[in-house]
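The first chain written gets the first letter, and so on, giving A, B, C and D; residue counts start at 1 in each chain.
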Amino acid sequence: MKTQSLMLTATSAAAMMLAGASAHAEDYKAVILQSLTGGAAFIGKNVADGAVLAAEELNEQGFFGEGNKLVFSVEDDATDRTQTLSLITRLAADPATLMVMGPTSGSVALAGANVANEREFPVMTTTNSMEVLENGPWSFIMTQPASITMPFIADYTAETLGVETCAVIGVKDNEAYVALQRMYEDLITEAGVEIVSNDGVALADSDFSALATKVASSDQDCVFVGTPAAQGANIILQLKQAGLDPDTAILGHNAFASPTFIEKGGAAVEGVYLIGAWVPGGDNEFSSAFAENFEEKMGFPADEWNAMGYSGMQVVAHAIRDAAEAGNATREGVRDALGEQKDVPVVVGTHTYTLDEERVPFFGMKVLQVKDGEFTVAPE
Amino acid sequence: MMQFYLAYQPIIDFFLLSVGFGYSQQIALRAGVFSIATAGFAALGSYCVAILATKTGIPIFLTVILGTALAAAVGGVLALPLARLRGAFQAIATLAFVQIILSLLLYGEGFTGGALGIVGIPREVNTWILLAVVAVTMYVLWNIGRSGMGRVFNALRQEESVASSLGVNIGKYHIIAFILSGALGGLFGGLQSLYTFQIEPHNYGFAFIVNILTVVILGGRTTLLGPIMGALIMALLPEIARPLAENRQAVNGVILILVITFLPNGVGDEIVFWFRRRKQARQQQKRASEKEARDAVSTS
Amino acid sequence: MLTQQILNGLVSGSVYALFSLGFTLIFGVQKLLNFAHGATFMAGAFIAYYCTISGLPFVMAIGFSMLATGLIAILIDLIAFRTLRKRGNAEFPALVSSIGVDLILVSIAQQVSNTQVLNFPFGTFPIQFYDIFGLRISLLQIVILATVAVLVAALIFYLKKTTFGRQVRAVATNERAAALLGVNAQSVYLQTFFIAGALAGLAGVLIGLLFNSIQFLMGEPYMLRAFVVVVIGGLGSVQGAIIASLMLGVAQSLTVAYLPSGLTDAIIFGLLFLVLLVRPNGLFGDINAVAGGTRQ
Amino acid sequence: MPSLHLDNVAKHFGGLKAVDEVTMEVRPGEITGLIGPNGAGKSTVVNMISGVLALTEGDITVDGVSLATDRADVVARKGVARTFQNIRLLPEATVLENVLIGFHRREEASILSQLLGLPSARRDTQRFEEKAWDLLRRFRMEDYAEYEAGNLAYGHQRRVEMMRAIAAEPDIVLLDEPVAGMNDVESDELATIFRELAESGMALLLIEHNVGFVTRLCKQVYVLDSGRMIASGSPETVTSDPQVIAAYIGTSGH
């Protein structure tokens, strides 16, 4: 297997050093706490799946040194804030647990961050909300905030495609999507694009006939659809069925970077532009190997969130190992190590993951386009 | 003990908040009002407190009072159109009320933060404050139970025509019930937002309605012990049944069906009724033996 | 665009009608709100989807799905309503237990689908568009309008002209009197639940097909819409439900098209409040929901 | 003490004249009887007086003050109490609680003092409880005070209804078939209580299917048949009226 041979070479030196440092086998305990059920399950479940695969692989490769391993368990907060609070409080009360990878996003992430800071317990939340960082030194975010990701697609809209008018369709009842959409609107307005209409749908909606007719019968150069993949594909399908001018550029953000998008949208999503940290199928040796291993294990191809979970676990593992190597495998040690991670090899973006001084993650984005039913890197 | 409190403190707090919302739901049902508006009241109270606490310098305790007053007032106004409705129509209309509140919260972005909600609410509430507020609430509800108002509520629930034949102005007491339900919903909604740092409309959706309804159905619709037992079971269940994590919703559903079918009064009410019956039996026994003694004296 | 939007609204509204008819039928006969109706609708879409992807011809998948949702509805009656009905005064308890059933069905669907949004494979139904008088209408929309029209007509005929219809109306008016006349109320209940379930199942399939989306939560918005429909139309009134469904469909299309989006729900539920204020029994309702000391 | 007047009262349901052109008077200190065969419209009359049904025509007054358009609770607060033909108790409440609710319109404590449990609210409850026990003893129901009303025997349930109706000392009491289903001993006991109530100055309207019971108690009897008043006067006059005899024989084939 490609991954493992690669990882072994990458880590064997470190592993040997570690073996010398620690005389006896160590267990490092961490918990993957995500929303496996409830409203954010479409993120949390996928992140957890990716993270579990990464943790298993790393243990198999002896990443933490001879005999050492990461002991991890997966917990579900059901996207319920009270359950998040109670789970993190309880996990914090167990001194052996070094950190939590999670919770997922939105109110559960913020609530989790708050308890974590109160109890001085490191958490790596999946969200990209800066408020989690502002909450205190113990809470981290795993995904890049909108201020880093959205310029990629906004610049592409305004400069590369050169559009002048745009219709925006977003989700009105999910804070993460609203934040991305707002950022996009601000950026393109700044770049001189006029927003001609702005509509919000609910996550549970599927009847877009009225909306599609409205947008299709008005005049604009581009339509931005800021929704989850399956829903976005469906909106685009209904837009096309309502007779949207085929020359109109359709754009979306990184939520579209999922095999689901192409599967649900079929021919209708041909030519759609999007940004993705994850190029499905992988775009270098490490990420292709991940794609292969993931599909083999799970039976379906990895999507953006699977890849994020996998990458996030790489960062977590590096931090824990760094802390252990520094002889400080404590919560404080892990927290400090987490904040200092630089150029960790990951399967997303430009393949390295770095946290800056403000602990904001950066790993890059790619503008993609659907071509012949596949994601390809969009023409510059 | 301290260790236990630290590990389980959020569960205890969650339990206390549920008890509060449970009483808001219960007071309506107790007066025969088929309302599920508690979610809407809670949303009003929590948003009022959150907005005032983050955007103005008003003292925190005052924001809670204002939130409570707002929800109570809205409850009173809501009662006016609902006074003419009964049963299923009341349930649907209150559900519509909750939907309207939620969509306005989503829509009024500049003011409510839309789907993002409001963040950075100061955390001013702890277990002891919650405990104190629940205790005061229980004292007031206890007074209601022993006063004419409680008797009227019982009458309205069981047989409305009897109440009106005795001079009870049904509309007036429905308004009182809605105001009380609104006040309690708003009060605990406000406390909740001072507890969780962040609120969003989603917190007061269908899941909230179902949870609070479950608390009251499971616990009982008439006694003070009802919501306490209901909230206790609801708080402990996810802890006990964590292995069933993915089935939690289904477990909730099964509980609702089983309890309403086989224990229609709820766990808490049944316990209270059992003690009450036992007391009655004792008193009757006592009276019977006294009578026997009297008879024995008079015949001798 | 206005006529196109009205057409969109009528198509959506006709599916609401299919959904709401079963709901209002159950209320008309039993005076109980079946909150699990939305989950039955969702189950219809799910069953047809899994039948289709396992190779069953689509028409058979629809038939099988309607049969299955009819049986699910009967099961709902047996589990959630039967015992409570016997005890009497079941209005509130039945609502609660049907919420319980709803939670269970949704939870099963969530696990079966792994929270993913599903859709019928491309080509399940031919995508064909016609331009008539400047209106863009798809073959699927035409088929849906026709199906709903035929089914509604058949249902009205069934209720008004057949023995079963008379029995249903007898039980709806007075169960005890109906029993004295030799009507088996139990069998009427089972039949109405079956019809209601099958209609909801079909509505689920059609919605899943029309909007390319099947997911475990799809019943919830339709359930809320059904409340609006049956209240405006009058709980228990078949004609009222149909008219109110079409009105709702059109009103919704028009609010999306011409008013600030995001307010649609507030407007629709606000409308419901207004109707209740003016006519507590709904626009076409004849049931006596009003009480409370006023002279009659 | 006020008296109750019905002046040319009518109730039509669509084309059906359930009650038509009924004029009668219920005087204080007396028991007035209203009899008639099943379906004669007796309960319709009670429901119109007590504010459940709207009048099609006519007027109902207490001492010249009309209550024809008042809601049921307003009628009750004006001093008109009633019992129900098909017994309506609070089934989950005890007998004592059922009687206590009868004192509703004598409540003095404000809502706020009830919420806060102030002394005035407690005094109300205390006062009512004492009076309720007096009533229980008078109706020989004190042993059943703690029973759930829904579990009582039929005759006892009737007594609870009556205690509840007279608890707040109304001026006028409408008794809708109070002795239906009781044996002779029980109805005699009640008859004594009715006489005492009348002697204390109340105006009692006794609605009965059973002619014998009414003629024994009442000074003035009205007879309804098919919604119309066919006779009125002393028990002797009424029972010898050929129209009344015909109505009873014609309709009661049992």
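Rule of thumb we're sticking to: a contact is a pair of C-beta atoms (placed from the backbone, for glycine too) under 8 Å apart; a residue touches a chain by one contact, two chains touch by 3 or more.
Note that the structure is a prediction, hence the values are computed from the model and not measured.
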item: More contacts between chains, A-C or B-C; value: B-C
item: Per-chain Cα centre nearest the global Cα centre, belonging to chain; value: B
item: Centroid-based (C-alpha) most distant chain relative to chain A; value: D
item: Between chain B and chain C, centroid-to-centroid distance (C-alpha), Å; value: 31
item: Length of the line joining the C-alpha centres of chain A and chain B, rounded to whole Å; value: 39
item: Separation of chain A from chain D, taking each centre as the mean of its C-alpha atoms, in whole Å; value: 75
item: Junction residues of chain D, two or more chains touched; value: 51-52, 71-73
item: Shared-contact residues (touching 2 or more other chains) in chain C; value: 110, 220, 262, 293
item: Shared-contact residues (touching 2 or more other chains) in chain A; value: 37, 172, 200
item: Residues of chain C that touch chain A when the two form their complex; value: 1, 4-5, 8-9, 11-12, 110, 114-117, 119, 122, 127, 129, 136, 138, 207, 210-213, 215, 217-218, 220-221, 252-254, 256-257, 261-262
item: Complex contacts: residues of chain B adjacent to chain C; value: 29, 34, 81, 83-89, 91-93, 95-97, 99-100, 102-104, 106-107, 160, 164, 169-171, 174, 206, 210, 213, 217, 246-250, 252-257, 260-261, 264
item: Parts of chain C lying in touch with chain B, wherever the complex brings them together; value: 27, 31, 33, 79-80, 83-84, 87, 91-93, 95-97, 99-104, 106-108, 110-111, 220, 224, 227-228, 231, 235, 260, 262-266, 269-270, 272-273, 276-277, 280, 289-293
item: Residue ranges of chain B touching chain A (in the complex, touch as defined); value: 3, 6-11, 13-14, 106-107, 114-117, 119-120, 123, 196-203, 207, 238-239, 242, 245-246, 248-249
item: Residue ranges of chain D in contact with chain B within the complex; value: 50-52, 71-74, 76-77, 81-82, 84, 88-93, 97, 100-105, 107, 109, 111, 114-117, 121-122, 124-125, 143, 146-147, 164-165, 168
